[in-house]
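Each chain gets a letter, A, B, C, D, E and F, in the order it is written, and its residues are counted from 1.
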Amino acid sequence: MLIIISIAALGGLTLLLATMLIVANKKLHVEEDPRIDIVEDMLPHANCGACGFPGCRPFAESLVNGGSLPGKCTVSSEEGRVEIAQFLGVDVGAAEKQVARLACAGGTNVARNRAQYQGLQTCQAASLVSGGGKDCFWGCLGLADCEVVCDFDAITMNGFSIPVVNEDKCTACGDCVEVCPKDLFSIQPESNRLWVACKNLDAGDEILEGCQVGCTACARCEMDAPGNLITMKNNLPVIDYSQNHNTQVPIQRCPTGAIVWLDKKKGVIKGEKSKKIIRKGERRIATT
Amino acid sequence: MNDSLWFIFINASLINNFVLAYFLGICPFLGVSGKLETASRMGGAVTFVMIIASMSAYGIHALLITINAPFLQLISYIVVIASTVQLVEMFIKKISPGLFRALGIFLPLITTNCAILGLALFQTNKGYGFLESFVYALGAGAGFTLALILMAGLREQLDLADIPNVAKGTALTLLIAGILSLSFMGFAGLGG
Amino acid sequence: MFRAMVGIGILCALLIVVTYEFTLPIIKKNKTEALEKAVFKVLPGATKKITYKLNDDKSFEEFHQERQKEQLVYAGFDDDGKLVGLAIEASGQGFQDVLNILYGYSPESQTLIGFYVLESKETPGLGDKIEKDKAFLDNFSALDVSLEESLDALKNLVNPVKHGTKKNPWEIDCITGATISSKAIGKIIKESSQYWVPIIYNHKDSFKQ
Amino acid sequence: MTLSFSKKNTFKHGIHPPESKDETNKLPIRRFPFAPVMIIPLAQNIGAPSEPIVREGQEVVRGQVIAKASGFVSVPTHAPASGTIRKIGNVPTISGKMAQGIYLDPFPSDTQEVDEGDPINADSASIDEIIAAIQNAGIVGLGGAAFPTHVKLKVPEGKKCDTLLINGVECEPYLTTDHRVMLEQADDIFTGIKYLLKVTGAEKAIIGIEANKLDAAEHLQKHIPAESPNISVAVIPVKYPQGAEKMLITAVLGREVPSGGLPIDVGVVAVNVATTAEIGRLLPHGRGIMERVITITGPGVKKKGNYLIPIGTPLRYVLEQVGVEDNISEVYLGGPMMGVAVSNLDIPIVKGTSGVVVFTENEVKAHKEKIFPCIKCGACVEACPIFLNPSKLGILAKKEGYDQMAGEYNLMDCFECGSCTYVCPSNIPLVQYFRLSKSILRKRA
Amino acid sequence: MEIQTTEKKKGGFFESLQNGPATDEFIKGLWRENPVFVQVLGMCPTLAVTNSAENALAMGLATLFVLIMSNLLVSSLRNFIPKQVRIATYILIIATCVTVADYAIQAYSLDLHKALGAFIALIVVNCLILGRAEAFASKNTVSKSFWDALGMGLGFTFALLCLGVVREIFGTGTLFGFPVLPGSFQSWIIMILPGGGLFTLAIWLLVFNGAKERKAKKARAL
Amino acid sequence: MSLNKTLNINTSPHIVKGIRTDEIMRNVVWALIPVAAFSVYAFGISALFVIITAVVSSVLTEHLLCRFADKESTISDWSATITGLLFGLTLPPNFPLWMVFSGGVIAIALGKYIFGGLGYNVFNPALVGRAVLQAAFPVAITTWYPAFSADRFTTISSSTFTFPFAQPVYDIVSGATPLSAFKFERISASTMDLAMGLTNGSSGETSAFLILLGGLYLIYRKMMDWHIPVAMLGSVFLLSGLLHLIDAEHYASPLFMLFSGGLMLGAIFMATDMVASPITPLGASVYGAVIGILVVVIRTWGGLPEGVMYAILLGNALSPHIDSLIRPRVYGTARKGGQA
């Protein structure tokens, strides 16, 4: 008797509910991005809210429209997350490796401060106070905003407070380009090895008082470079990388070493004529 | 039983707060208390579902008593609540996408949640009548919302704090919940 | 789709019913034993229990079904078949949550003779002294609930007082450190006894083996 | 006529830094000698820089236009001294950046005669003529912002100016420039007001003066020309930053300039007293601006005072003339609340320079003090005249919540008065955070 | 909520166990994807019934039982259940398992049933169970699902015990009801109150985070 | 010449008012010294031990945690000292020292450090410590040592030096505090006794008069926001006054309410902890009033005799909301709806 009652009750209940759900599913259906359903399917349906969303479906919606990453779901397995990522993922086209390059070499050993900046120890803040107190208005302030912003640990400050990019780690994300208040970084193809490491728009030997490795706009590199590989603009040499620039000739007569060759193995190579810099701080280079 | 409706409300919302004293609905409490905006909407949705659940449970209980099948209580509660809420969800989605955005998206998370089923079971255990059940659901919902909103405010503020690494995430949330739970102990004995 | 769901529904129903049928006797036995244990605890000396139901006309009759909403009392008899007393259930708000208790009433001596906590969520270490504190439990070995001459009300209402200040047999000596819980017990018993004692006393002859 | 003074005539919040004006406010304005070389930046104002119209080696006469305005929001530059143009090239500026400018070698001072132009008569000239004359005189706001005054005076279509507010508040500690101008150049001020009333069409002019300059207020009150009954003097309680035009408008008129709006939105044009005096002095003679009154003061200065200094005088020369203590450590252009720290003494005095304050090592210790976390004491909230929540803004800035700062917390309404930083017990560099955040937001936009 | 790093942690002991696929399904629930400490699921019973080790164990085992039953049922019926009514069906199955467990415990001991209160019934809504049914059992074979359920269930029980043991020792001075501390021990009542559950779990997480951090630091130093 | 020096540059303003955070904190300690001294006078050396232990454990914990996190120690800002001092003052004078020590550790570690240290704690750390202790050892924390016992300067309460983790043993305990006496027996203490501190209670709460004095000193030095205590005490006075008018038998007199229990200490020194309270004056007033109302509600209708601690903790939890709801209208923005 009990068995019959309960089977009838539960059978009836389920029948009723199934009908309701199925009818409702048809009648009340709302059009949506079909990918949401697929992604929701891939999620564990724990509806636990651990992702910060009120449930799996809203999270799936956010995944589909790019608002979140699958890793937020703590419940899903590793494979599940990869699966979702692959389903939604768009391949990044392969291109030549690009890296961030710094257009300044004026570390504390060669460049002088006109005034002593005090205040928030970030380059962005300092640059708003008389440009940061460095004699060369365009030069690196050395307060390491770029080092902090780089998510990939690709930048370290050397012993003279100049950032050094580890080209292997750099992903060319451009964060450092954006953060530097002096606009010293740019993203360059790795093969651009001829490089002007200065942004000083002044000309003449006066600038050497502020920074010994600054470009004095003497234009020797322009003269020495084959063809019109280099042209002087705004008191700085500009390299036309669309031409064949695989030559170290232009750096040879630079008196300050502002134009350099970045060797993959040997690092920075300066011209023969560039004068030896008189080290001010006797600090060791602290990197690597 | 001398439970006035007012007392039922205070009891369910403050003294025996569902989250902080009964430990029901902790998962959404931890998960959805990060942003005030979401938290308050979630609170509204929970209250709403609690009322639905309470009403359905009242009906089913009466039915089960008649057919003398108390052993089907759990299964029928959960199934009926889950499907009713799903129906309501679809209904809301159809008639008002705005309301759905605001409340509806929380509904699936809530259905399979301890607080809702717990409410239904407790109200049955306590033998509440229709009106009492309704007020109980209202109080439980209000208490849940209150806890959620307090938590969200604190967490939003702490988003800007220098939290030590070891404490980031769930640990801190649990700790705040613990302190809140202690604070709610002040309400113990109210109306007793 | 229907078939699948209904099929599973039926499968589930079967599973549940089978379990239920299988465990029902054991659970019933457990429950009866638990209740009897409690009843015998509040009615010292009793060895047999009979359940009575209070009818609307204030008469009592024996009751053997599953309890629904009836007002029940449990009569306890000793080996000689003599009525030891009646166990009465009562509940009320404690410090944290509702307290459910059972207490024993002896119409013969017109006193309460036992007390047992059925359900409590009081703070362990503090509030749960109401179950363990010997001095407190002693209050209920002979708590005066005698009736007035007219037999329709208590002469003195049960009254909880601060620890160490009990002077009269109808007062309950509360527990220091758990005043709130013990007062709550006093209040519950006061209200319950006010209702039950006159009714039971006036029908004490209904309880016979 | 009596001075109107009510303690209530002020804005809400604000601070009371020590005034430190006593050492210079009794000292009359003195003329400064010409420096051996003058450095004249071409951009001394907000807006476009002027364009040079002289050659290197050319001889110029004092007051002669040496660079012409390059648009409407631009003013010409006049020669501050007779002499020879040595070079046109880069000159150092307060921003630390080199900018285009003119180096001028003055002739010895006995040969300094002044070039006169076409006088402009306030009664007969048309509004546009006066506006053009003000532009040609090279006048920019001398209250500090250096915004070309003629631009501000051109009331836009559809707006009406009912009140001309003359800003004689000078709430910055240490500075006494405007104070002395009011005492010594009352006539010029009233002449200037005549021009200004005409161009703005305002019905009345009110000179707002803080109660710590009662002598100036009484002096001006006494000298209000009989034919101008629509000019009055309002004395308001001392409080920083009452000189900010928004605060002054609230203090004197009880109106509130809408967020992101201008005084003209509430029918007001506000002009600094020194600017007004300059207009009154130059226009009748058709001259251009060549010099301005500057307070040189601060604990690091030996001969403190109010000096009439030719524009273009190098700061180093100025300080050599007045003498400084050995332990100087910071030099500001402007007062200590809003002034800009100088990184290079070779920069020149420009039109916008209202004061030079020199601090010694003793005064700057405060900066080096430890920074504590914000304890939410609310002092900054109680100080901010704009009713912002600097505490929250500071915490957000630290966490780089720039969008929330600008959106929910009205960062862009902050005018960097510094009241919050001044009161903060935790030494949090709030204003610096806000400047930084604003610049980052601007960069992003 | 914390985002857990997905890389597999290779512990010496566990690594040696990670050979066959079955053992992997089993092991992951114990530690790497522990439902409580890592996934933060099923928090209500975790906090509510762990004021004694015995309750914790009973709750853990009950959950384990339901988890295995439902995983087995779901995975064996997975090809039979239509997609639209999937969730409803799972809930049906889980509720059945829970009802069965509920009656079994009642038959075993009324006192235990009273101590666990409504939380036995609330296993139905433990996010862990439905989560596993959906995420794993509905896609995997019966045997894999069994191992998964066993691992997750034991992991859950383990976590509950972690809490229960600490809370009971501090809260009453006993362990599984046996006194382990001298009679003069002052119990910390907070440990058996709601707040204590939250604090204990928070402190466990702090300890784990601290250990993880230290390990990461060491790894970075290398 | 000095003009060739390298100058310093920094952003304006270049002058500061010069009241520093550690100075404020130090002054709070000064303001508390009389209160602490009185508690030693009233309760004897046991109270002294409790207070010293509380301060030492707080400061030590703060120091060690900073060490642990490789940060500069922050004990020199005095905030940990205040936390310890206030924490000690809220405990019964005969509280076992090992419990005091544990509480101090909890107050700083769980009440402050976890949230990021000074300035970030969302709850009052001293009260977090007390709340945990109250929940952990409800008996010990409601067992009172009598004030002005004759041998208070010569003997130490037997419970003070309880062996760590052992149950305290009490030789002398007083009856009840004024609040529990009223709650359970409707016995009301005289206002004068309460104000002068002649009653039992926690070490620091008894002398309402000295607490008020300390508060006035801090308000005079502008180191404390007067809105909170005024709103809190005011709302307690008004609400309890109203109840007293309705039924003087059941509801305590407003003066009794004001001067009994931890209200004065709580209102003046604990609710005013600026870190965990709203930042605007209006917000602070609302916060104070809410706490006051909660105190009256818990005291009159709740199970416990005293609710100041719970009320303040709840107020702390509300304060982010108060801050986001009550914002002054920003200059120049629309009067209504200017701020959501």
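For the reader, a short list of remarks on this structure follows.
Here, a contact is a pair of C-beta atoms (placed from the backbone, for glycine too) under 8 Å apart; a residue touches a chain by one contact, two chains touch by 3 or more.
Treat the numbers as computed from the prediction; the structure is a model and nothing was measured.
Path length between chain A and chain F in the touching-chain graph (shortest route): 1.
Distance from chain E peaks, on a Cα-centroid basis, for D. Contact counts per chain pair peak at D-F.
With each centre defined as the average position of its C-alpha atoms, the distance from chain A to chain B rounds to 45 Å.
Distance from the chain D centre to the chain F centre is 49 Å, each centre being the mean of its Cα atoms.
Centres computed as Cα averages put chain A at a distance of 42 Å from chain D. Residue positions 340-343, 367, 373, 429, 432, 435 of chain D are each in touch with at least two other chains.
Under the contact definition stated at the top, the residues of chain E that touch 2 or more other chains are 1-2, 40-41, 84-85, 87-88, 92, 95-96, 99, 103, 127, 130, 189-190, 193, 195-196, 199, 206.
Multi-chain contact residues of chain A (touching two or more other chains): 2, 6, 9-10, 13-14, 17-18, 21-22, 25, 47-52, 114-115, 118-119, 125, 128-130, 133. Inter-chain contacts occur between A-B, A-C, A-D, A-E, A-F, B-C, B-D, B-E, B-F, C-E, C-F, D-F, E-F. Across the complex, chain C is touched by residues 77, 80-82, 84-85, 88-89, 92-93, 95-96, 99-100, 103-104, 106-107, 109-110, 114, 171-172, 187, 189, 192-193 of chain E. By the touch criterion given at the top, residues 20-27, 30-31, 34, 71, 74-75, 78-79, 82-83, 86, 112-114, 116-118, 121-122, 125, 165-175, 177-179, 181-182, 185 of chain B touch chain E in their complex. On the chain E side of its complex with chain A, the touching residues are 1-4, 6, 8, 28, 33, 38-41, 84-85, 87-88, 92, 127-128, 130-131, 134-135.
Remark: chain B residues 36, 149-150, 153-154, 156-158, 161-164, 167, 171-172, 175-176, 179-180, 182-192 touch chain F in the complex. Per the touch definition, chain F reaches chain E in the complex via residues 99, 110, 114, 132, 135-138, 140, 162-163, 165-168.
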